[in-house]
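Chain naming follows the written order as A, B, C and D, and within any one chain the residues start at number 1.
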Amino acid sequence: MIVIMRHNASTAEVANVAARIEQLGCQAHLSEGSERTIIGVIGNDRAIDKAHIEMMSGVERTVPVLRPFKLASRDFHPMDSVFPINGISIGGKEIVMMAGPCAVESREQLLETAELVKAAGSHVLRGGAFKPRTSPYSFQGMGEAGLRILAEARQKTGMPVVTEVMSPEQVPLVTTYADILQIGARNMQNYALLHAVGEAQRPVLLKRGLMSTIEELLMSAEYILSHGNQRVILCERGIRTFETYTRNTLDINAVPLLKQLSHLPVVVDPSHGTGHWNLVAPAARAAIAAGADGLIIEVHPRPEEAMSDGEQSLRPDRFAELVETLRIIAVAVDRTLEP
Amino acid sequence: MIVIMRHNASTAEVANVAARIEQLGCQAHLSEGSERTIIGVIGNDRAIDKAHIEMMSGVERTVPVLRPFKLASRDFHPMDSVFPINGISIGGKEIVMMAGPCAVESREQLLETAELVKAAGSHVLRGGAFKPRTSPYSFQGMGEAGLRILAEARQKTGMPVVTEVMSPEQVPLVTTYADILQIGARNMQNYALLHAVGEAQRPVLLKRGLMSTIEELLMSAEYILSHGNQRVILCERGIRTFETYTRNTLDINAVPLLKQLSHLPVVVDPSHGTGHWNLVAPAARAAIAAGADGLIIEVHPRPEEAMSDGEQSLRPDRFAELVETLRIIAVAVDRTLEP
Amino acid sequence: MIVIMRHNASTAEVANVAARIEQLGCQAHLSEGSERTIIGVIGNDRAIDKAHIEMMSGVERTVPVLRPFKLASRDFHPMDSVFPINGISIGGKEIVMMAGPCAVESREQLLETAELVKAAGSHVLRGGAFKPRTSPYSFQGMGEAGLRILAEARQKTGMPVVTEVMSPEQVPLVTTYADILQIGARNMQNYALLHAVGEAQRPVLLKRGLMSTIEELLMSAEYILSHGNQRVILCERGIRTFETYTRNTLDINAVPLLKQLSHLPVVVDPSHGTGHWNLVAPAARAAIAAGADGLIIEVHPRPEEAMSDGEQSLRPDRFAELVETLRIIAVAVDRTLEP
Amino acid sequence: MIVIMRHNASTAEVANVAARIEQLGCQAHLSEGSERTIIGVIGNDRAIDKAHIEMMSGVERTVPVLRPFKLASRDFHPMDSVFPINGISIGGKEIVMMAGPCAVESREQLLETAELVKAAGSHVLRGGAFKPRTSPYSFQGMGEAGLRILAEARQKTGMPVVTEVMSPEQVPLVTTYADILQIGARNMQNYALLHAVGEAQRPVLLKRGLMSTIEELLMSAEYILSHGNQRVILCERGIRTFETYTRNTLDINAVPLLKQLSHLPVVVDPSHGTGHWNLVAPAARAAIAAGADGLIIEVHPRPEEAMSDGEQSLRPDRFAELVETLRIIAVAVDRTLEP
């Protein structure tokens, strides 16, 4: 932390701040500039609340030096995290495709979709059993019945399953059925839930909140990591901006930046990232070109009948075409996309 | 809902869309313009998923006509909702002041603060026992011990207590101690939690998410109302924008707009809305001038020692000065601020 | 400027950066922390391009210490700037009201409006002769004919006139007719225009860009000040956010913050700040309660016939009512609002 | 335009609105729903100011049906616009690379860079002679001397030149030297300047404002097209969001969306779109994968000595490596990238 004093701060005020820093267990290092005195805080200052300094007389503001995340950082863990999930591996050279419907709507719909996406090149099956919806009057998901259908599809296709968990008390139930626990964008800072999945024995797909910074995403990963679960997959899924022609703005910069800042795998959700099916394929190609470790895409055999997110779901044939073009792009970024 | 067809949509495409609308239980009303055909959907179209229309051939987009909230709307409930809470009343002519520390830190700190804010003109005591923090390494609140201290302060001062509840399973516990259940900004779309407080026997203070639109805030209120709890207080607490000199941008426009769109009481949190103590008083004055029904303000006797949010906490004497100027502004907006 | 080195930067890299800083005319002050070395740059570092340091080996990033504005800052000019404009004074204890139509539409319309707003309590007449419009097919203003009508209204009512200038070559013409030159939000970073009004002999009303930070607003003021014109009035007029129920989000926090950071007068435009006439009065009251030195408000005798911005224009009688409530709020903030 | 009446609007209010629409030259088409009456406006309603309807009694709001741009739209001009520029062609199957320094700093620097980027695969040379800077104390460009150096580099290398023009009066001068006139992001809504380049005999590279929607970008293109210049190249260069780890957020969705909405060529600027050199290559790859017609990239032989934007400039060798990977991605999207 660096403390920037006001331009007219007195010698006594500077001395008081320095004394406070030492009292809090760190060392103070003064630099007197022409217009300002600045004080460097030496030591592990993550424990110092900035208010304890900023509220002192003569202080203008403080500036953090250390990034607040540690377990999630590449400084702490320089090598890429690569972890196996029921026969596939994520974070390594292989690109991982996750596909399936927004919501499990029926046994027939899910099993049909699962077969189609597997044939088209998907490695993991996605599908929601518990659906967070902005309206209390919308379809809220099939619940446990949906989880059972997902498990059946896994058995039939061999694909591991990723599905959302919405509250701490659902964690044991969802863990019974799912291979990857998904934390939705609106729950990225639901700390009780992060704590619960941090103690679960399953990898976690952590979606970036639609108005969360990259730093906040990494801090939410830190919650999970610090509770003992080392298998966290970061997911960029679009952020909210002033643009209204698209549902969200896919933050493509986040992909290489997360790979630089963190050792955790990064996947992209171009369905939510764009909100419209005819932007999904270009955005998916962009994500792989930017260095993503995988994609999670909504696919529905009849989007015009989907119970949610139909407008951003690909038909299986379009998904299959997309996968073929991704194989070429994988070469350009020194990755592979296996059948 | 209005359906806007592509400019080159065929007669058959228009007919198909009309047929689909009728099949979904509504009537279709065609208007052929010079460049586009538009189709009005007559009937209660809240149940029609826009994707079911937008994915049809020849459709450009749909536009909603009805606001998605109903129980929260003034159309549905034209008169202001006014409800009593342990001796005070919110939503009426009287402005309600809520004040206290960000977090309960100790019995001494809370009781001292409670006496000071009551003397300065506060009607309700605020204080967090469970604290959502972006870092897993920060102080997370005193938990149930904090709730007991809040209850003791209520007994000593007579002020009702507002405190945050963070997960569905905490609702029974917090309800035992609190007069108003607070839903924090990061949980505004935690639907499991909204469901739980919707069944609780306590008024709810619902904070706008820092990334949430006014429509989404009203939809979250709708969740609570639709589960049977009619006592919802809306709280504007600043939104996230590109501006970095302030922690958040207080959306002052939201105050009169929420009063027009909804019958529910509206309070403002100028502490989070600005993020810096020396902006709190101007923002608080602005909120009352804009028509807010109350304020919730962080006050700490020694902000430089606060365990959280010290930089945005007022000292009790500054809070008392603020209340005096608010009494004058109350007159300008035909309200009263009682001692 | 502070230079933050990477956590594994070598001694040689640190030494190179220090040498570069000295070569650029400043002194380097090293602080070796447990996880990072930081280097304070002592001296006037405003001339050092951050890239010249950030591109060096071993550097993680730089952090500015000095605010980039100087002439606009309160550090440089601690007392409030108060300047007279044709019989009125802005920046002092007196609140200044500016009102009139968005655009001059005809002689009759402007003269009628001028008389009405003067009677209602306005001190300055606003009205656009050159109109920046997002569509090339919209009304673009009356041009010089509009300026002549504004001058006639000034003569009849005694009110000074504020009107927009859109390009450098218009500055001499507009200066002939106007008492205050307005720079529109979309031109806040039109540097050729800022240069031109910086050499004009008229006060400038500088509107904040709809997606400009407070720092950028002050830097644009700095352009004008540095070219010799000391009479700059800052104007908060709403920023662009994700909220769509309002045209813009009025940044009420900006009012007290600008007053703290700068000595320049601050006025607020609640018409653009909200975009809807029935939010204008609450927002105007909020602005005065937050400490604004004045308001600029769109008033039209028949908003439903206005050639632009009718939806955010007040009728004269509503403007008159607003002014009366502002007189009470002025008392609360120790200001006066004279007839 | 569709007019949505309030839920309690009277028959007389509906009739008045219908009469007004007919008076304004269009036809009114009523649809009486269960909760609202809506009125479709038939005819060319681009000329109707929404305020003329919204300010009428009983009206809740209006919704536009027609997109406000016409000449820029694909509806109006279904085929891709492809135009030749001094030996190259943009908008067709060939991807166009534009590269060079942010600013012309000296004859040596520019000629060296021009040779290097040409050898690495660039087709067009970029370089600024007039530089818009947020600080009046920063380097403002070499002016006409810089233009002459650009012309010399064109002669030596055969590459056409793109350079920025900042004000209407500079247009004749810059047109003398440049092959493509660049409109900078901060001038995207400088309508006097758009008017001037609309009458120039040169293609225009129009950068999206960092605060501008896609609709506004297309409306600014419409200004240029409507003044007679049909050769407009749209440029996505990142927008401003709440994220602070990157300078801007590259809106990758804008690429396919602009291609769908408009016939004009689309290029991407990954230098400004990210703000950091080590994110430029991934973002550039993403842009081509998403369907961009070209890229404009800042390249400097010694970024650590650049007079502006060094932190986001690629060294020539890294630029050359990037071009090689782009050749592979071009194949995936059915394009070519010629030497």
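Descriptive notes on the structure:
Basically, a residue touches a chain if its C-beta (ideal position, glycine included) is under 8 Å from a C-beta of that chain, and two chains touch if they have at least 3 such contacts.
None of the values given here were measured: they were computed from a predicted structure.
The most distant chain from chain A, with centres taken as the mean of CA atoms, is C.
Contact count check for C-D and A-C (C-beta pairs in contact): higher for C-D.
Centre-to-centre spacing of chain A and chain D amounts to 31 Å, using the average Cα coordinate of each chain. Averaged C-alpha coordinates give centres for chain C and chain D that are 26 Å from one another.
Note on chain placement: the centre of chain A and the centre of chain C lie 38 Å apart, centres being C-alpha means. Contact of a single residue of chain D with at least two other chains is seen at positions 211, 240-242, 244. Chain C contributes residues 2, 4, 7-8, 29, 31-36, 38, 40-44, 63, 65-66, 75, 211, 240-242, 244 to its touches with chain A in the complex.
Contacts from chain D toward chain A in the complex involve residues 211, 213-215, 239, 241-246, 249-257, 260, 273-274, 278-279, 282-283, 285-291, 325-326, 328-329, 331-333.
Taken in their complex, chain A has these residues touching chain B: 46-47, 49-52, 54-56, 68, 132-137, 166-170, 186-187, 189-193, 209-212, 216, 219, 222-223, 226-227, 240, 277, 303-311, 313.
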